[in-house]
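Consider the two complexes below, in which subunit A is the common component and subunit B and subunit C are the respective partners.
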Partner chain A sequence: MLKKFVLALALSGVSTMALAQEPKIGGTINAVIQPEPPGLMLALVQNGPTQMVSGNIYEGLLRYSKTLEPQPGLAESWTISPDAKTYTFKLKQGVTWHDGKPFTAADVLFSIETLKVTHARARNNLVQLDKVEAPDDYTVVFTLKQPFGPFIGIFEVGSMPIIPKHIYEGTDVKTNPANNTPIGTGPFMFKEWKKGSFIQLVKNPNYHVKGKPYIDGIYWQIIPDAAARSVAYETGKVDVLPGGSIENFDVPRVSKLPNTCVTGDGWEFFSPMAWMWLNNRSPVLANKKVRQAIMYAVDREFAKDVIWNGLGKVATGPSSSAIKFYTDNVPKYPYDPAKAKALLKEAGYKGEKVRLMPLPYGETWSRWGEAVKQNLVDVGMNIETIATDVPGSNQKNMEWDYDISFTYLYQYGDPALGVGRNYVTSAIQKGQLFNNLEGYSNPEVDKLFEEGAVATPDSKRKEIYEKVQKILVEDVPVAWQLELQFPTITNCKIKNLITTGIGVNDGFRDAWIDK
Partner chain B sequence: MKKFWKLMLRNPGGVIGLVIITFAIFIALFGQMIFPTSPWRMVQRPFLPPFTNPMVTLGTDALGRDVFAGLIYGARVSLLVGLVSTTVALTIGVPLGAIAGYFGGKVDDALMRFTEFFQTIPSFPLAIVLVAILQPSIYSIVGSIAIVSWPPVARLVRGEVLSLRTREYVQAAIVTGQSNTWIISREILPNALSPVIVLASLMVANAILLESSLSFLGLGDPNLMSWGYMVGAGRTVIRQAWWITVFPGVAILISVLGMNLIGEGLNDALNPRLAKDSR
Partner chain C sequence: MLSFVAQRIVKGVFVLLAIIVMNFFLIRIAPGDPAAVMAGEAGASDAQFVQQLREKFSLDKPLPEQLFIYVKGVASLDLGFSFRQQMPVSKLIAERLPATLLLTLTAFAISLILGITFGTLAARFAGTWADTAITVSALLFYATPIFWVALMSILLFSVYLGWLPSFGYETVGANYSGLAHVKDVALHLIMPAMTIGLFFMATYTRMTRASMLEVKRLDFVKTARAKGLRDNIIQRRHVLRNALLPVVTLAGVHSGTLVGGAVLTETVFAWPGIGRLLYEALLQRDYNLLLGVFVVCSAMVLIFNLVTDLVYRLVDPRIEFAS
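This part shows the complex of A and B:
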């Protein structure tokens, strides 16, 4: 028997209906894009700003709700075989590229072959892929070497953008001049990019979802200075400040401006999580009790309330609460300096110097480093802050030349895609970033992550990942801090902008302006 | 010496400067005893305006740290950096200038070209580059401030030595066969000292400003609370919380003003010509 995920056309309209307001047609939205993207061809460039602009030009096979449930995109329905090795996608019919050519399964096959070369994360996501075939123009079948639970989560536009075969076939994708005028199937078409000034997208009149998009176009304004971006919003020059457009400390002030709406939603798919690498090789931090003491010593509620202005969530363990198989049934580390002191004493810590390296990403992160340092000094640790710049900090991290170092990473919805890489022994690779930098190695954890990635069904994966979360939280390989939320600030007249787990990146499809 | 103090005290500006700096030194030395809480400690809710809570008179900053405590501890860093870097600059500049002026000729040429090499590079950017390369710490800051501020000392000393060298008592010393070291250190330098002292007092003021500017740009020692750091960290929230920036800014202003006034006073007191006129 096939497990059938029936298409629910209403699904995509669900949030619109919740507002119980009829969308109004027309109008142009001005949004900030920061920094200016290096390019808009999503199969080649995946920087944050590129995804934000091009996610509205290109589309993926699926979209993901705020709870990361797959929703129809270019695929209108999909089935997974009982052995979890065959994924069959039925593509939507009558979809055309911006230049009028029809979209078919051949474009999907072509995109996958291209992405394997140009898109590092897609290549990684597709390691378990045995073959992909198109029995007819509107069906694509993926066959896996072995079951891979997270597979259903890799079809988002930024992770697997579908590009037009008729434009790129037989050319060098990297140097094709068409990259300057991207052609997608999305709700908006590329119109003009005035470097250093703005990127203009206009409504796709032939978009395959009837009646959408509601607005006539988007101007992505490029404003290099953070203070100037705040001012641009205050004066009404822009209506949308995507997460990270303005400095954190400015968020409360701007949020209080009249007719301003703020939301932390729309980052669920990325679920950025901040933590401190604890170098498990350092003589002091090799002791589990010291690492636990650090968890008790740091006032994470304070960091959330004061440094992040109340946005985000205190992390309970390696998985963000927004991703699959998260459990909060793990040992807890509330702010408890007395306990931290006791643990340090038990561990025989005698005031050896420990270096702390804040993330050199601006004010917020500097303040955070200062607050954590004070927390640790308060329980009797001897902390020296190391000041450095971005290349310097990357260098020190990948050479393992640190004791405590701040970071934040995306988790991509599934522990097999975004969590395991930071804790398994095979990911201890000197000279690379964002892997197992802390040098934690536990054969049991390795085994569990290995099993978890390919186990079926989901209940089995859940069991495995809950077990691994418990072990990790007990061992504290790194000091988890906050699930970050980057607030999206909009003029309240912009409705229904954030409807998916990737937020602004594919949000303008459903957005409309109340006049 | 008595005469010096008499002259110094006759200049009201100099007296004010002395009072300010004495007070600042007092705070730097004993502030920690009066105020044992670390300035990095989060003591109250963030953004508490000044004069609302008697425990934190001058309010709190973005993390709830006491601005008053920051001022007290910042005094130590500012003065320390000012005095030490000036001392280092003098130890480089005075001997170089003296040797150049005394020996003249090729030695003079070589040393002065070397000095000009440093003088042609704008001092603040050079200091930024040095601190950025060496990683910000109190040592790299003191070092780079010293490196950018010694050339004027060398030029001044050289000029003084050049003129003093032709005096009869120096010629006499040479004729009697005194060693060069003896002549420079015992005969010439003591007489060249007055302008150097005046310059040094202004250099301290300049060093305080340089340190503040570096910290303002985020190149301060991350483990030390300084006034420049406070201004830099508060700059971004100036529209919500003026007090975080204004108080340390005023502290910088007053102490730099104090050093300048002292310099003025010293100039009046040590300059024999001015001293004669005022008699």
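This part shows the complex of A and C:
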């Protein structure tokens, strides 16, 4: 049954292509959003639900295909100078904000300056930016201090949302009342937010892509309980369950409901990767052999097949196979309890207590924590599970108060954006929630990541990143587990919902309903 | 009576103050703060981002200062600003309170009406199969966890039978008005209200039954019977009325826990009330919102208890408003 389900998932993309039809106009899509977003102003709030809703309201300069190739967004074309330091974007003309005012290069410049203050990831992405200028109303030129390989990959709507200068200039962006009625250039306009119930978006009749969007609007329904979300889909009250909306163990059952389509597409840009932070400062885990023993002790195929219902892929190292410069030519860690026991013995492990903190994100993650604990106990480790809620878990991670801690992070298409930050010494900073929380420090790795970010051409970057992946997999600073897959479940009448590597977060502009 | 009410209000203010101070510190004992939660949700954050959040929410100030600012705000009826929802707490609560009141008062009415009716019937037919059936059913509803009843009723009435909507306050997008809207809300209300109502109904049934059986044996009932009064009148005017005092006491106590019961029910049924707001505020360590909901809930309990004391007097005129 499991194999059939995974096969169906894999084939869903093919069937969608094969059934290409003429889009039909009209209708409303009901989708689930959970948890309720704290706000919809994408320059201020960057959590998942906000991006999912506001990806329809705001736009970025570029979009990215499922193979992460840049595509036109608010910019219709772009050029990169031969020295890879100047990026020139030609903006689309005739684009208007939802209030009718024209969109120009001044909005882009204003957005960049705002995001540097309010958007932690954008601030990091723009670290090599020397200046940004607008020679005319429809041209924006970014000049970098030095070449930065992933720069062309930082312009999607969640990473760099473009906000209206005429609304925010001269005001405190954080407290501007307009944040409650966001205005963008996107295919849908904000209509109503009934807190605790729904968010309503309606079609932007003046959208700059002719003929789009096809549907009249979207209702994002706020349903806090995972079982209730399944029922809402089952009873036809919602048409779209974005990835992660229901418990993983419920996915196969819901996927088999009549007229249900499932796809794993739309996560290529994010490439969520799950691993366990191994606190390299802990006397036990400071020993590389113990960390390697953990890699051998944990049955990751079991986790994939049983806990994640066959979804995802066992990780081979720090990079997801979906992002640039991935290699599987690295040391391998198959499930081998005997080898794990031998390594623990060699390391002189005497049964010291090791605290394991599962991710408090629901039943699937709790079960995963229990399975890993069992694996580690089986090879003779003394494991104590720490149970806590999300704030407690975040706090403990921020204060490095753990031994082994589950997490999953996005990789954003390029190792310089989403991988290096987890292993370089400069990213060890108490009080932050992500990046190098394990405390791993290796000057050679630091140097390679530094070189990889600014090297040209890509063949040089590839060489550097392949080298660093091998070193890291040998060192095991963290215990990589799975490349996660969060399937999007829809009623099959919804067509063309996911057309880019950003998935549901990129808006419903191409979606239509086959009535 | 007026001085009684005035005294109760003054006492209530002190109780509220104690609740605020206690909860203010209790919430902060739990690990993690709103900045930690929001940093996690942002998906990428540095220490600067977390510090910005802490400063924005005044979490970097000493605790006594934070408490002083909060209490000062409450004194001027300002419940503060919700860190996560980016809105004034009073506005958030005002938006959600009507839904909770509709749910809990409906559930309260269901539980009282059904509880007293079934309790009276059980006492009237004590020892018969009807009594056994009522007592066992009451026990069943009392012993079953609310969330399980909620999920099973969704399965039965929404999934299998398709009679009732499984979530929400109204049909989103239907834009009903007038009677159609009332009917729509009523349909959404049935399952959550019955889920809470049946749980509390069980206690009222058992309490009414026990109390009536006790009163039945008292001398004044025998006198009434000796006077030749009809059984219906004896049961209604003499037995039930005197047996209701403990039920009223219990109802007063329950009035507060109804909001607690609504946390689970509102979550399972996606009912947009303050119970759910409380649950979400707790998970997100939204201190101001959490405290705001506590203040409102505590005020509701105090008001309900005051009303209970007043109802005592109506039920039993022998009781005086002694302070």
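Points to keep in mind about this one:
Here, the second predicted complex is superposed on the first by the 495 of 515 C-alpha atoms of A that agree within 3 Å, B and C clash if a C-alpha of one lies under 4 Å from a C-alpha of the other, contacts with A are read in each partner's own complex, and residues count from 1 in each chain.
Note that in this section a contact is a pair of C-beta atoms (placed from the backbone, for glycine too) under 8 Å apart; a residue touches a chain by one contact, two chains touch by 3 or more.
Everything numeric here is computed off the predicted structure, so don't read it as measured data.
Of the two partner chains, subunit C is the only one that A:Gln429 touches; subunit B does not reach it.
Looking at the shared chain after the overlay, A:Gly48 reaches subunit C, while subunit B stays out of its contact range. Of the two partner chains, subunit B and subunit C are each touched by A:Asp389. Contacts of A:Asn30 after superposition: subunit C is touched, whereas subunit B is not reached.
Of the two partners subunit B and subunit C, more subunit A residues are in touch with C.
Contacts of A:Arg367 after superposition: subunit B is touched, whereas subunit C is not reached. After overlaying the two complexes on the shared chain, residue contacts for A:Ile307 are found with subunit B alone; subunit C is out of touch. Contacts of A:Asp378 after superposition on the shared chain: subunit B is touched, whereas subunit C is not.
Legend: residue contacts after superposition of the two complexes on their common chain; A:Arg253 is shown touching subunit B, with no touch to subunit C. In the superposition on chain A, contact is made by A:Ala228 with subunit C only, not with subunit B. In the superposition on the C-alpha atoms of chain A, the part of subunit A touched by subunit B in one complex and by subunit C in the other spans residues 388-389, 392. Across the complex, subunit B is touched by residues 247, 249-250, 253, 302, 306-307, 358, 363, 366-367, 369-371, 373-374, 377-378, 384-389, 392 of subunit A.
Those residues of subunit A that touch subunit C in the complex are listed here as 28, 30, 35-36, 38-39, 45-48, 120-121, 123-124, 174, 179, 194-198, 200, 219, 221-225, 227-228, 231-232, 234-235, 237, 388-396, 398, 409-410, 429-435. Here subunit C touches subunit A in the complex through residues 30-34, 36-51, 56, 84-87, 92, 95-96, 99, 151, 154-155, 158-159, 162, 165-170, 172-173, 267-270, 272-273, 276-277, 279-280, 283-285, going by the rule given at the top. Residue ranges of subunit B in contact with subunit A, taken from their complex: 38, 40-42, 46, 62-64, 132, 135-137, 218-219, 221-223, 233, 236-237, 239-240.
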